[in-house]
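The same chain A turns up in both complexes below, where it pairs with chain B and then with chain C.
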Partner chain A sequence: MKRETLGLLVVFILLALVPFVAALTGQASWTRLVGQALIYGMAAASLNFILGYGGMVSFGHAAFFGIGGYVVGVFYHHFDAGTAFLGIIPGTDQMLITLPVAIVVAGLAAALVGALSLRTGGVQFIMITLAFAQMFFFLFISLKTYGGEDGIMVRRTNSLPGLNMKDKATLYWVVLVFAAAYYLFLRRLVQSSFGQIIAGIRQNERRMAAMGISTYRYKLYAFVLSGMGAGLSGALMVNFLRFASPDMMHWSRSGELMVMVILGGVGTLAGPFIGAGALFTLETTLARFTEHWMLPVGILLLVVVLTTKGGLMALVAKLKGRAE
Partner chain B sequence: MILLFEQLLNGLQYGVTLFLLAAGLTLIFGIMGVINLAHGALYMVGAFAAAWVAIQTGSFWGGLVSGLLASALAGVLVELGVMRRLYARDHLDQVLATFALILIFNQSAVMVFGRQPLFTSAPEIFSGAIEILPGLPYPTYRLFVIAVGLVVALGLYVLINKTRVGMLVRAGATNRQMVRALGVNIQGLYTAVFGLGALLAGLAGVMASPIVSVQVGMGDEIILATFVVVVIGGVGSVKGAFVAGIVLGMFDTMLRAFLPATLQQVMPGPEAQALGVGISSMGIYLMMALVLLIRPRGLFAARG
Partner chain C sequence: MSRVLDIAGLVKTFGGLTATDHVSLTVDTGEIHALIGPNGAGKSTLINQICGELMPNEGHIHLAGRDVTRLAPADRVALGLGRTFQITSLLDDMSVRENLGLAIQVREGGNFRIFDRAARRSEVWAEADQILAESALGARAAVKVADLAHGEKKQLELLMALSQRPRVLLLDEPMAGLGHVESQQMIEALRDARQECAMLLVEHDMEAVFALADRISVLVYGRIIATGTADEIRTNPAVREAYLGEEDA
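So, the complex of A and B:
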């Protein structure tokens, strides 16, 4: 336990140093890349909670990511134009308002989708979550007020009192703090009795039901919590890239989040972050050499799925086991 | 009225295409229990091979044969190389491995054919139009597509209900373990079913190639609609795939044709247009959600 805490602290400090290293080596883009990877890691970790711990294969997770992002975008749009959403809610650029609202709205959307989807299971569950995500995708494409297919440009990052959010490094550190807090939250969550029940449902739902646990309700709570996490990461992403578009909800984005979870290791805390970092690094590095970067990524993914059980985390554990 | 009839025929033609894709997918789903996201890639393979050969040789029929061969070959290779290792895995691994296959197929197609869409034309004898109602000329080729789809549906019906292979397929969709326990060469059956599914997907691609632009990503668009058809029809049921395919094809086409204009009568300006298009795209997914809430296993679920 002690050793794990120490390791986490070292990783946190190393990540906090990234802007300095980037400035020293003149690789300014590093801060942006690592920041994006951290946010994707949060989104993948939120998916991992239902997918890895709860055994619910949701193929529509990008919808909540996009909804969270759109909350920030819509608030900014009305703030910029001086109008009000539905004529009552004024726009704002205060992060202390936009992020909590993004979390709540994504949670409500997840409650709606989850309440209906969780009545099915197996293949049908995968497909119905995908269907709901597609509905949100097409809904946002059809909203011409908010840019339709083009999305919303958020010209200025939301402000936080006392911080200069225009500064790239400051924004990065804010993201890092959120990612660290979310990691700790998830660690607490999976160790809690609630997390134990969720894991129990994955292992044997019928037995949990026989023990008197209302499994549908617990699965729904987990689904909503997970959607809220995705909403938070989407809101951060829009702040980070200053852009919200329906592309955030495209079904291939949901696929990518699943890839990150698998690549890193299903049902592990650090796995999704490692997977997000690995996939993101791989994509950007390969994209520098060839425009056909999707081919090696596809082949690598296929090999990982077919040959390993447990992704990169399992590989690390295996190597560790061999070394000791 | 004439417009309505024309759109109904368009819907029928789209529905037949969906059926060709869904028939193979639902059998693969039902018998092997795998989710194959890459089914749309086989559709793309068929379309590309047919279009390329048709452009090179100038013969639609040469394209038809090569499209069918290419997609069936690709299907058998995918089954032997990848699918075979996935049957015992959980759905998550299947989704990811076939997602990876989509990336591989799409990117290979970009490398071979580039990003520019290919355009081909219908064969000469079907290049005209027939006046099916007074004042309504309808392209002969689209009627041909509908006819091919219906013939294939009939052929599949006979194959599945009247032959020994079909009996094994039905048995496999109902209870896989039992078929294996009775000493049937299940590996061979799997490869054959997968190849047949790929062939049907390729046929759908070939038939669509003169109507749509043949380009990378064409499979991704239609595969989602195909999944909706499979799930609504009931996993493993070819009859369900037929009914759901035709109904959804017509429903989708009708929404796209008439909803934007209808909305424009009650709402002002370009927003109504955009909203109409958006809601039409949502239509089939909404229908699937409704069906699953009432019948969680689809309309004609094969497995009890």
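So, the complex of A and C:
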């Protein structure tokens, strides 16, 4: 327990130093890359809660990521134009408003998708979540007010009282704090009474039902919590990249989140973050050499899945075991 | 004596096959009612209807005076129905203690709490540790369920079912696959458990049935052909022909 706390603290401090290291070495893009990886890590971790801990293979998770992002985008659009959403809700650029709203709206979308798709299981569940995500994708493409296929440019990052959010390093640290808080939230969640029920449902749903658990309600709650996490990360991403587009909820984005989870380690807390970091680093490095970067990434994923049985986290555990 | 479980005129058909054919039976408080019958007689189908996994076409099931015929499985559990599975059904990634702890947690409630720590719910773990200490599984508390022997899994299933304090417990072949010594232990465990709840015992092991049951019902081709005490069933010619004779041969 103590070692885990120490390890987390070290990782947090190292990540907090990234903007300084980037400035010293003249690699200004690092801050941006690590920040993005952290946000993807959050999205992947939110997916991992239902996929890894709950055994619900959702193939539409990017929808909630995108919806969270669009909340920030739409708020900014109306703020910029001085209009109101549906003529009632005025725009804003205050992060203390946009992020909670993004979380709630993504949660409502997840409640809708989950309520219908969780009545099925297995392959049908995968397909229905995918279908819902595609519906959202095309819905946002059709919204010409909000840029259609091009999405919304958010010219200025949302403000937080007392902070200069125009400063890249400050924005990065805000993201880092959110990522750390979300990690701790998930850590508590999987250890909670509810987390135990969800773990039980993954292992043996029939047994849990025989114990008197209405598994549907619990799965739906998990699905909504997970969607809310994805909404938060989407909202952060739009603030970080200052851009919201339908691409955020394309099915390939859902696939990418799954790859991050599997690459890092299904059903582990740090796995999705490690997976997101690894995939993102690979992508950006390889993309410099070839536009067919997906091929080596695909081969690597195969190797990791076939050899480690549990992703990079299992590899780390194995190496640790050998060292001791 | 009051009726804990009252099944009346239950019918279940699959296509042309009548798996449950106007079955009526009762289980009274403190009673062990055994249900025997050859393979394919429809015992599991009947159990699954009582639990709510299958809906009957006709008939009624009353649990502690309430009509539960159309209730969901979880709601029946809340009214005091417990069960064990024919093929042991546990949470394989968790230890013996964690399995039992989860069963107790489910009963205690607070299952939607997301900010507490399940491992620190002392009311849950004190009870789990006490139950384990009094059982044969005490020394195996930390073992993962996937690594348990078959007989131990059967014992754990019974402990989990009892920890939920059911009014009536459905036991789907608790002796299946057990060796002689293990069967004797299971019979002892069930005899102790009858203080706590009534039981409907579906079983092939005649020794166990005759040792435990107050009443026995014989199910053949989905129909109950006889109900009575052990002696009445032993001497019933129809039963001998349909079932017991088959085993002697």
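Everything below uses one rule, namely that the second predicted complex is superposed on the first by the 324 of 324 C-alpha atoms of A that agree within 3 Å, B and C clash if a C-alpha of one lies under 4 Å from a C-alpha of the other, contacts with A are read in each partner's own complex, and residues count from 1 in each chain.
Assume contacts are C-beta pairs under 8 Å (C-beta built on N, C-alpha and C of every residue); 3 or more make two chains touch, one makes a residue touch a chain.
The structure presented is a predicted model; accordingly, all values stated were derived computationally and were not measured.
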| item | value |
| --- | --- |
| Which of chain B and chain C A:Leu306 touches, first, second, both or neither | first |
| Partner chain(s) touched by A:Val297 [first = chain B, second = chain C, both, neither] | first |
| First, second, both or neither for A:Thr285, with chain B first and chain C second | neither |
| Broader residue contact with chain A after superposition on the shared chain, chain B or chain C | B |
| Partner chain in contact with A:Gln27 - chain B first, chain C second, else both or neither | neither |
| First, second, both or neither for A:Gln94, with chain B first and chain C second | neither |
| Interface residues, chain A side, partner chain B - complex | 51, 57, 59, 116, 119-124, 126-128, 130-132, 134-135, 138-139, 141-145, 148, 251-252, 255, 258-259, 262, 266, 292, 294-295, 297-299, 301-302, 305-306 |
| Contacting residues of chain C [partner chain A, same complex] | 51, 53, 72-75, 77-78, 82-83, 85, 89-94, 102-103, 105-107, 110-119, 121, 160, 164 |
| Residues of chain A that touch chain C when the two form their complex | 188-189, 191-197, 199-200, 203-204, 206-215, 218, 221, 225 |
| Complex interface listing, chain B residues touching chain A | 29, 35, 82, 85-86, 91-93, 95-97, 99-104, 106-108, 110-111, 220, 224, 227-228, 231, 235, 270-271, 274-279, 281-282, 285-286, 288-289, 292-293, 296-298 |
